[in-house]
Amino acid sequence: MNRWTLGQLAEYVKGSVHGDPSAIIESVATLENAQAGDISFLANKKYTNLLSTTKATAVVVAKEIKSTANLLIAADPYFAFTQIIILMNGHRRHPQTGVSEKAVISSSASVGKNCQIADFVTISDNVSLGDNCVLYPGVFIGADSKVGDNGILYPNAVVYDKCTIGKNCIIHANATIGEDGFGFATYKGVHHKIPHIGSAILGDDVEIGANACIERGTIDDTVIGQGTKVGDSVVIGHGTRIGRYCLLVPQVGIAGSATLGDYCAVGGQAGIVGHIKIGNQVQIGAKAAVINDIADGQIVVGSPAIDANKAKRAYSLIEYLPEMRKKIKDLEKRLDSK
Amino acid sequence: MNRWTLGQLAEYVKGSVHGDPSAIIESVATLENAQAGDISFLANKKYTNLLSTTKATAVVVAKEIKSTANLLIAADPYFAFTQIIILMNGHRRHPQTGVSEKAVISSSASVGKNCQIADFVTISDNVSLGDNCVLYPGVFIGADSKVGDNGILYPNAVVYDKCTIGKNCIIHANATIGEDGFGFATYKGVHHKIPHIGSAILGDDVEIGANACIERGTIDDTVIGQGTKVGDSVVIGHGTRIGRYCLLVPQVGIAGSATLGDYCAVGGQAGIVGHIKIGNQVQIGAKAAVINDIADGQIVVGSPAIDANKAKRAYSLIEYLPEMRKKIKDLEKRLDSK
Amino acid sequence: MNRWTLGQLAEYVKGSVHGDPSAIIESVATLENAQAGDISFLANKKYTNLLSTTKATAVVVAKEIKSTANLLIAADPYFAFTQIIILMNGHRRHPQTGVSEKAVISSSASVGKNCQIADFVTISDNVSLGDNCVLYPGVFIGADSKVGDNGILYPNAVVYDKCTIGKNCIIHANATIGEDGFGFATYKGVHHKIPHIGSAILGDDVEIGANACIERGTIDDTVIGQGTKVGDSVVIGHGTRIGRYCLLVPQVGIAGSATLGDYCAVGGQAGIVGHIKIGNQVQIGAKAAVINDIADGQIVVGSPAIDANKAKRAYSLIEYLPEMRKKIKDLEKRLDSK
């Protein structure tokens, strides 16, 4: 039964209670929609004013603050709240289909223990599937590919041949892993297809969004590092290497043979050209166009992408270009007339 | 038989004929490719000159204008022409498959009358499907999801669990509805997956383009309002609320927890950051980057997005930056030498 | 067995050897990762320095250059190297499934000789499939569509009804061909769906990337010319005509009723508005926003897109806007105080 005291939750997330530790919490909600029995959270200052009107029984916050609700104070409220969501709801419970007779599994494939393989799944020759994998209907795993333990592949996700998916990976619906990259040798105007003999390798704990595309490498492999999360409709080019624990927000595009370090964050719709090197802990703004190498720890914004501090002001001044141009003309006239 | 007089068509669309009302119309065509027996239309001034060369028997226009063709004058030529296309061609006629024995339908699912459920479709536990639904091959409907009457789901469209699709909705091929949003709580560098207990709710008369992605909400639901049309490869973030009768052109991206009002139009490849509020009847240009709230009725363009009137001139002046910079230097020199 | 002398390879690609023609080559590799027995290539000057450290036995280059490796000198090193990759590896060998009993093929469809039609494929009424086609699991071909000889459709690719795919086409996983375009007639705020009676036509030798979308035409057809290659997640609007031998890099978006000439290259995430005309051999930079017609042979960059020579300098000056604005103010003050 979903029923905790606020004190129990505080203990669970190693936080402290400011208010009534015996208050009963039964579910989670946003500040705006919370009712009695709900716990909510404040991670974004923008919503601070909601603390004085929320009907939540408790709110997870970083420090003491005025509120109509009891407070659960935690060093990292967002993480604490996440732990509480998981405690109360768990992750998605998948259909326990066992191995469907309507799936087609090659006799040369190896399937681990306790896998749920749904109808209309195709597991090709020499595929190796770890334990506890969940393959939803319409999933295709190409020949010689591997999926590690606890892999979850949602409906119609496609993994081409000779790819490697690490442990605990999640591939969302309609994502494509290991398709041929956009590689053609143009000769006398005709684009000749280059066989892509590299593959696509996903480290452990990688999540790939719906309808995302991870091209296989032309010669060297495309690699997504451990713990990296890739959003919906992202496209990663052939031979690109993404480090560990990166966040690539939906619709990002990274061209081929680029390198990203560890702990990078790339905002939505940003683009990174091929053959460049992005360091560790780099942050790239939404819609940025990155065309040069970036050193460790830099934050860039804009199209073309420049240092974020400069960029915020610089790009906001585009609006004043007509005025600036007029002033220059005026100045010229004034000087001419002197 | 597809055969009307121009007079009949004019009556049907509540327009008037300028020319021969007994002219026979058998099909529709563009101004450029029309032949005798065709009716065409002029909605875009750009093509006005084609009126003097078109071989169409008739053209739908807003007002009297010189043309080689008979005129069907209608207040809204594009809408009138659409009515004529529908009259002559109807909408797509779907295969009448009935409920295929090669579909897999949970015994706990409820299927309405007169549904066409194709081979290789999966309908999970407790799904509720209205009357007259058409599910093409490879469609997946997750547990506890609902699809209203007259829903059309094209091949390999995927609806995750606990989602709600209203009446008369169309979901195109390879679209994904209700996948987990891009939500992770990062703690000590590791991105922890947040269970997404919100769902995705589509109002009545919504159309979702091919390969589009509608994330489910983290806590609050993602909502697409009635009559809103979403283009191919659009991504809508978790918890975002789109109003009624909006148009989101292909490849638009809207981050999480944003709010759009009713009757908004968002141009192709535009991006909207999370947690902002866009009013009603807002128009956002193609490729715009919207980073702030927008009031009702505003028209914005550019990256960053600014008022469209300002933007058109301002962005077109980027081209003159080198010249402007040189002039500033020249002015400095002239002043220095005085 | 994969074993050639460098001399044999040089003869095969019509190049010449600088070094030891009897050197044995067994595989291909990048300069960085090559080992003895490998042949590599230099197409991008950026990597020239690797020539002095590579362990490759041979490198394909355009002209004599200092290297630790033997040289295979070819007029077009990238094309020569591609020929060698193909010689050594061939293209992907597809599963020889024959026509699966788990595919559903309409009795009115016509299937050519030697086709491989996998499980869970749907071939609708009156479809015509050429010889030697390969259809992976989950592929859907709508009624009255045609696929030419040697077509390869990867898993879950979808072709709507009445579309035409030429010979030797490759459609990657989860791509969608011929879905309805984003076409609505808005009347009193309500968006009325326009039946799309045009179709989508792909010429011979076209390749469509994973999760790409080619809308069918509203009235006139959408056409992709012979030999054109379309990247992952590209969206082509209804009625747009793309010429022959174009390259459309991933995530490009082209709105409806646009025309592109032959031999154009469009960079990643670039957008082209509808109803404009792009000439032949036009090059459009990544992320460019093309809003006007472009004449033959032009190279454009930026958002909005302008001549590339101008653009590189102009866009790089956005960074200096704050400084420029300050200088203008300073100049005004100096003039005022004179």
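Per-chain residue numbering starts at 1, and chain names A, B and C are given in the order in which the chains are listed.
Note that in this section contacts are C-beta pairs under 8 Å (C-beta built on N, C-alpha and C of every residue); 3 or more make two chains touch, one makes a residue touch a chain.
Given the structure is predicted, the values throughout are model-derived calculations rather than measurements.
Asker: Any idea what the CA-fit rotation angle from subunit A to subunit B is, to the nearest 5 degrees?
Answerer: Angle of rotation between the two copies: 120 degrees.
Asker: If I list every residue number at the interface of subunit A and subunit C, are over half of them used by both copies, so same, or under half, so different?
Answerer: different
Asker: Please tell me the distance, in whole Å, between the geometric centres of subunit A and subunit C computed from their C-alpha atoms.
Answerer: Averaging C-alpha atoms per chain gives centres 25 Å apart.
Asker: Return the residues of subunit A touching two or more other chains; collapse runs of consecutive numbers into ranges.
Answerer: Each of 120, 138, 156, 174, 211, 233, 251, 269, 303, 315, 318, 320-321, 324, 328, 331, 335, 338 in subunit A touches at least two other chains.
Asker: Provide the residue numbers of subunit C that touch subunit A in the complex, in ascending order.
Answerer: 28-30, 32-33, 44, 46, 76, 78-79, 81-82, 85-86, 89-92, 95, 102, 118-120, 136-138, 154-156, 170, 172-174, 207, 209-211, 227, 229, 231-233, 245, 247, 249-251, 263, 268-269, 286-287, 303, 315-316, 318-322, 324-325, 328, 331-332, 335, 338
Asker: Mind pulling up the subunit B residues that touch subunit A in the complex?
Answerer: 104, 120, 122, 124-125, 138, 140, 143, 156, 158, 160-161, 174-176, 179-180, 182, 184-187, 189-195, 197, 211-213, 215, 219-220, 233, 235, 237, 251, 253, 255, 269, 271, 273, 275, 289, 302-304, 306, 310-311, 313-315, 317-318, 320-321, 324, 327-328, 331, 334-335, 338
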